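Presented sequentially are two complexes of chain A, the first with chain B as partner and the second with chain C.
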Partner chain A sequence: MEYFTTELLTLLFAALRSATPVLAVVLGEAMTQRSGVINLGVEGQMLLGAMTGFAVASVTGDPWLGVIAACCAGIALSMVHAILVLGCGANQIASGVAVLILGGGLSAYYGTPFVGDKIDALGNLNHTFVSDIPLLGEFLGPITPTVLITLLAIPAISIFLFRTRTGLRWRSTGESQDITRNLGHNPTYYQLAAIAFGGLMSGFAGAALAVDYTANWVEGMTAGRGLVAVGLVIVARWNPWYALPAALLFGASEALNLKLQSWGVDISPYLLATLPYMIPLSVLMLSYRGLRASGGGMPAGLRVVFQSAR
Partner chain B sequence: MTSATQPVVKLGLQLLRGPAGAVLVMTAIFVVATLAFFAINGREAVSLFQEMVMGAFGDSYSFSETLVKTAPILLTALAVALPARLGLISVGGEGQLYLGALFGTGAVLAAVDQPGWILMPLMLAGSMAGGALWGVIPGLLKTRLGVNETISTLLLNYVGILLVSFVVHGPWKNPNSLGWPATIEFPAGAILPQFFDTRVHMGLVFGIVAAIVLHILVTRSRWGLGLQVSRSNPRVGATAGISYERNVLIVMAVGGLLAGLAGIAEASVIQNRLQDGLASGYGMTGFLVAWLAGQHFLRIIPLSVLMGGLLASADSLQLYAQLPKASADILQALLFIIVLAVASLWARRSNI
Partner chain C sequence: MDIQLYNITKHFGDVTANDGVSLDVRAGEVVALLGENGAGKSTLMKMLFGLYPPDDGAILIDGRETTIESPQKAMSLGIGMVFQQFNLVPALSVLDNLLLAYPKPPFWTFRRLFHTSPRKAVLTYLHELAPGLAPDTLVRDLSVGQRQLLELVKVLNLDAKVLILDEPTSVLPPQEAERLWGLIRKLAEAGRSVVLITHKMQDVMACAHRVVVMRAGRMVQTLTHEQCTESSLVSLMMGDSNQRSAIEVTPREAFANRPPRISIRDLDARHGAQSVEDIRLDIAPGEILGVAGVSGNGQHLLADALVGLTPLARGEVIIDGRVLQSASRTPSTSDRVSYIPEQPAVNAVAADLSLTTNVALSHFRSLRFFPAWTPEEQLTRKIIQRYQVRPDNPALAAGQLSGGNLQKLVVGRELEGDKDLVVAAYPTMGLDAGAAHDIYQALFAKAQEGAAILWISEDLDDLMSYAHRIAVLQGGRVSGIFDPRECDRLDIGRAMTGEHRPASTQQPPEQKPADSHARAVS
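Let's turn to the complex of A and B:
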């Protein structure tokens, strides 16, 4: 029994760690979509963030500088989406795919010299006061700063979105740009901020992956995490609180995949590796059923985006 | 200026304000952006650009390699453009291509001792079935549950690639390949016909024929008209007996089938076997080409050749000029961004 509890807790915390990059993207993308803009480019922004963060950490020797650089890279790339969508009025899905390809290409091109470098990790909570907490200390120890920052972002975003005047305007922009305009505010500013925030969070997510979680840079290392996150935003109903369980879904599938392999389960690792895509997709199917019935909190401005091909 | 030339000049200016002007502006910006990209990275920009053009269209060998790359781009672009007729945004060409290769290879392995006239049709049928399956699944998710097709196709891409890895590392691995994860070599009867002693293969013909047939079907047939009605208003379509749901499944299946053909052509002609990294990126390039062509089937053909040239020359420049492979991705993305920006601004201007 105790063995079982330990294993379960280990799995849960492993899930939390591998869910963190996805959680950061879900939070950022949920905020972007709340303003009525969808950005599939988060995958590319995440890759560029991961590469930039790793490169800066490797060159300067300071992983925190890497995290900051990653955030900047994410914001910078997201501005391509902003210019295309807000400035030129281009289709949001197509523009997102363009950003996705650009981020993948740039990170592969400029990341090559850094492949195989060693960097200092961000460290974790081991040997801090946390280790002295009875029972849980053992599991809390491996928690790293990016996990904590991402978790703290949940209440912060929630308060901003639901308790502040700016948050209200942010949400109203996503429901109807006319309302925001009639109230005397420019909806484009809110959407610009929303895209930039999505860029910040996806860049940070890249750093969480490359500088913290794996301490490694490999071409294309995000492997669709950003795209899974865009799907999970729908599962989370555009709500920062639901983002955590939604992202844990991905984390748990990945942790389960690794766990099953370490137990020597006789299933091909390639089949197990489909779990982090299949499980979110299955839950997405379930949550779409609910969405169809009630609308499920989809910002009205997004419906238009989802229903136009050009 | 004489009065006789004035109408000509006027016509020219009118054309420049229309699509021709947009294309000129796009091309100019793209050339400048490419030169800038080379220069920023410390290259002899102009000479590298010349080499790039030569590497794509310079001699008959280069051009044949361009056409080799054209085939999968053309087929996966059609797999995007057909669903777009119904307003669907499918990004699933990559996964459909892999599934086509997977099912086609399955047919080859199952009938490996049969003569070519049995093996070849089986292989092609298998690949079409596999690609169509990977198109129908997101189609069903869309019609039954309302799951957004963009997200489901993107996620299924990763699953498709992993399924191919699974079979080539596991059940279908050639025991004599010394640990290299790949199937056995395809027998001669399972190699698609090629032309003029080059690697240019039947896949290109399939793509061109499919583009022309689809163009005629969509613009001239009842079914094509039905797609238009369904797209603009599914309810009106339903009263006329046109089922939006059935059309979604048809366009996704046919699109997937075409991308599946691209997959088996790569495995059969280019690799002679099924292995990892079958065709990384063709699906995304196809998506891009479909958008550049404005989802117009016939325009997709020349644009696929151009994009095939970009990829082929990137391959040769990687060899001769140590230009990293990723530069092809960057240039594609730049082209896509420029076209999206200019086309959107042009459309906005003419609306005013």
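Let's turn to the complex of A and C:
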């Protein structure tokens, strides 16, 4: 019994750790989409964030500086999307793909010298002030700071979005730019802020991956996590609270994949490695059936991007 | 607060929208601004609300000359306007919509972050005007009347002393219009002034203290409530020199004993969240069947299903004994069925193609492989001349014409040639009275030639003067079929809001003693 509990707890922590980068991207992208902009470039922003974070951590020796640099890199690349979409009126899908490829290319080019470097990763929270907190400390001890920050971002974002008037304007921008403009607010301002926030979260996700989770930089290391996150935003119904189970779905299937491989299951490891993508995809397809009827909380402004107006 | 508009003039290109109009509005007064579409009422009020600057003239507020350069300025002066198009976000709650429109305290106050205190402030008027409306209801679940009330609350929240309402009753069923009139009187008693832009006599008679009649950009006359009679207002609105010929409507007995030309049997159709169910209607040749209802109750879907743009889920449409559409077949369009969709300028023309091509596309099937363009161009010229489409060059791209002119072109195109069924959705919406009159004449002439007409409209007055029968759609079902000679507006209104029990059996058009078949425009 005790073995089972320990095993389950280990699996949960593993799931949480591998879900964290995806969770951060889902949160950021959900906020961007809430303002009526879709950003497919999050994958590229994540890669650039991971590379920048790793490089800064490697050069300075301070992983926290790496995290901050990663966030800045994410914002900087997301501004390319903002300029193309808000400034030039470019197609959001095309612009997002351009940013994705740009981020991949830039990170590969500038990241080459750092491949194989060793850095001081962000350790877990054991032996810090957190593990001294009575009761909670025992659970929070084994997790790392990026996990904690991402988890804390959930209530923070939902308070902002649902309880503040700025959040209200953010949502109304996503529902209808015209109405928001008629009410005397500038929708472009809120969309710009939303794209930047998405950039910050995806840069942070890159750092969580390179500086914390793997402590390593490899070209293309995000392996589609950013794009999966865009899909998981739909599963999460643009709601920060639902983002956690949606991201855990990815994290748990990745942990399961590793577990199955270590148990020596007689399935090709390449096939097993598709598990973290297959499971969220199936859930997305299943939940989409229910979503189509109700609209599922999709911001009405996104409809212009996804479907032709009737 | 007293407002004086003095000698206001406004041109849009070559068109003079307002020509030396003077108007004053005193506190506690309801002023009705009466005139037909295109008379310049809305333009005048939009200048007072700061949407465009006047070319000439002055606006005096409490005796002092004021420039109102933006709606924000107008609101800060205490002038609020409720537009025909609502500015509400359907996916947000009532409370959220009110908060969105409520000004934010400056950023250095911490209060700005948490909307607990404005929350109380924005709800005061809501509780007063609509005590039954829960603040956390989503706006998309509200009726049109409730949405309008919400718009009114938004304006009152900004502390408006002068309320401008643009055609507020045009979208309301009759009993909700009555409620609004009561509300307007109450607001006036509380010391606010209300300017009511309208083309409806009932609005004027019900609640205006003073009526200002406008025609073709000029102020014709100001009357107090006691001086008004409906007939005097009509002649002032239309102008004596401008008396139009009567619109001919087929007498009923002409088709009373004929078998129906169109039979709609147990029709169901769905598209997205919209649906129509259990539609059973017969239309005799020459009959004009009006379809009334609050917009969004399935009118669009019914029209699409009839003409073959949406597949049927159940049932069939029979035309002269042949099956036109049925649930088991792929929907198909026909050259003998014509369709004037809502907003024809958007839904019925290809903006980049020439007028000739747009006309030719409607009878696509009968075109040769290499179309002969000369007869098509002649046809287009004929339509342009008959309906006074401007500019009158058939080679122009459709996108270069205004919406009203495209609408006339589409109506002309669709009524050209022999038709069995004409489905017209809001064919005169947004047109000035002269153009609307021409369109009605052409549409009803088609009925005299033997076509069955299904005419969807929001204008109950027009429906009651010209339609032979009126079917009311409510929640996707026919909630009542009325004879306009035997029912009154409130019966139809109750059917529109669902207070009326659905008609279980449907009567074929009965024989009635003849009365005047030619009814004048009123």
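The definition used in the following text is that the second predicted complex is superposed on the first by the 293 of 310 C-alpha atoms of A that agree within 3 Å, B and C clash if a C-alpha of one lies under 4 Å from a C-alpha of the other, contacts with A are read in each partner's own complex, and residues count from 1 in each chain.
Everything that follows uses one rule, which is that a residue touches a chain if its C-beta (ideal position, glycine included) is under 8 Å from a C-beta of that chain, and two chains touch if they have at least 3 such contacts.
The structure displayed is predicted, hence computed values, not measured ones.
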item	value
Touching partner for A:165 - first (chain B), second (chain C), both, neither	second
Partner chain in contact with A:108 - chain B first, chain C second, else both or neither	first
Which superposed partner A:84 touches (first chain B, second chain C, both, neither)	first
Which of chain B and chain C A:118 touches, first, second, both or neither	neither
Touched partner set for A:280, first chain B, second chain C, both or neither	first
Comparison of chain B and chain C by chain A residues contacted	B
Common interface positions of chain A, toward chain B and toward chain C	310
Complex contact set, residues of chain A against chain C	163-166, 168-169, 171-172, 175-176, 179-180, 182-185, 293, 295, 297, 299-300, 310
For the chain B and chain A complex, residues of the former touching the latter	84, 86-89, 91, 141, 145-148, 150-152, 154-159, 162-163, 165-166, 169-170, 231, 284, 287-288, 291, 294-295, 324-330, 332-334, 336-337, 340-341, 343-345, 347-348
Residues of chain A defined as touching chain B within the complex	40, 80, 83-84, 87-91, 93-95, 97-102, 104-106, 108-109, 112, 219, 223-224, 227-228, 230-231, 234, 268, 270-271, 273-274, 277-278, 280-281, 284-285, 288-289, 291-292, 306-310
Residues on chain C engaged by chain A in the complex (per definition of touch)	71-72, 87-92, 96, 99-101, 104, 112-115, 118, 271-273
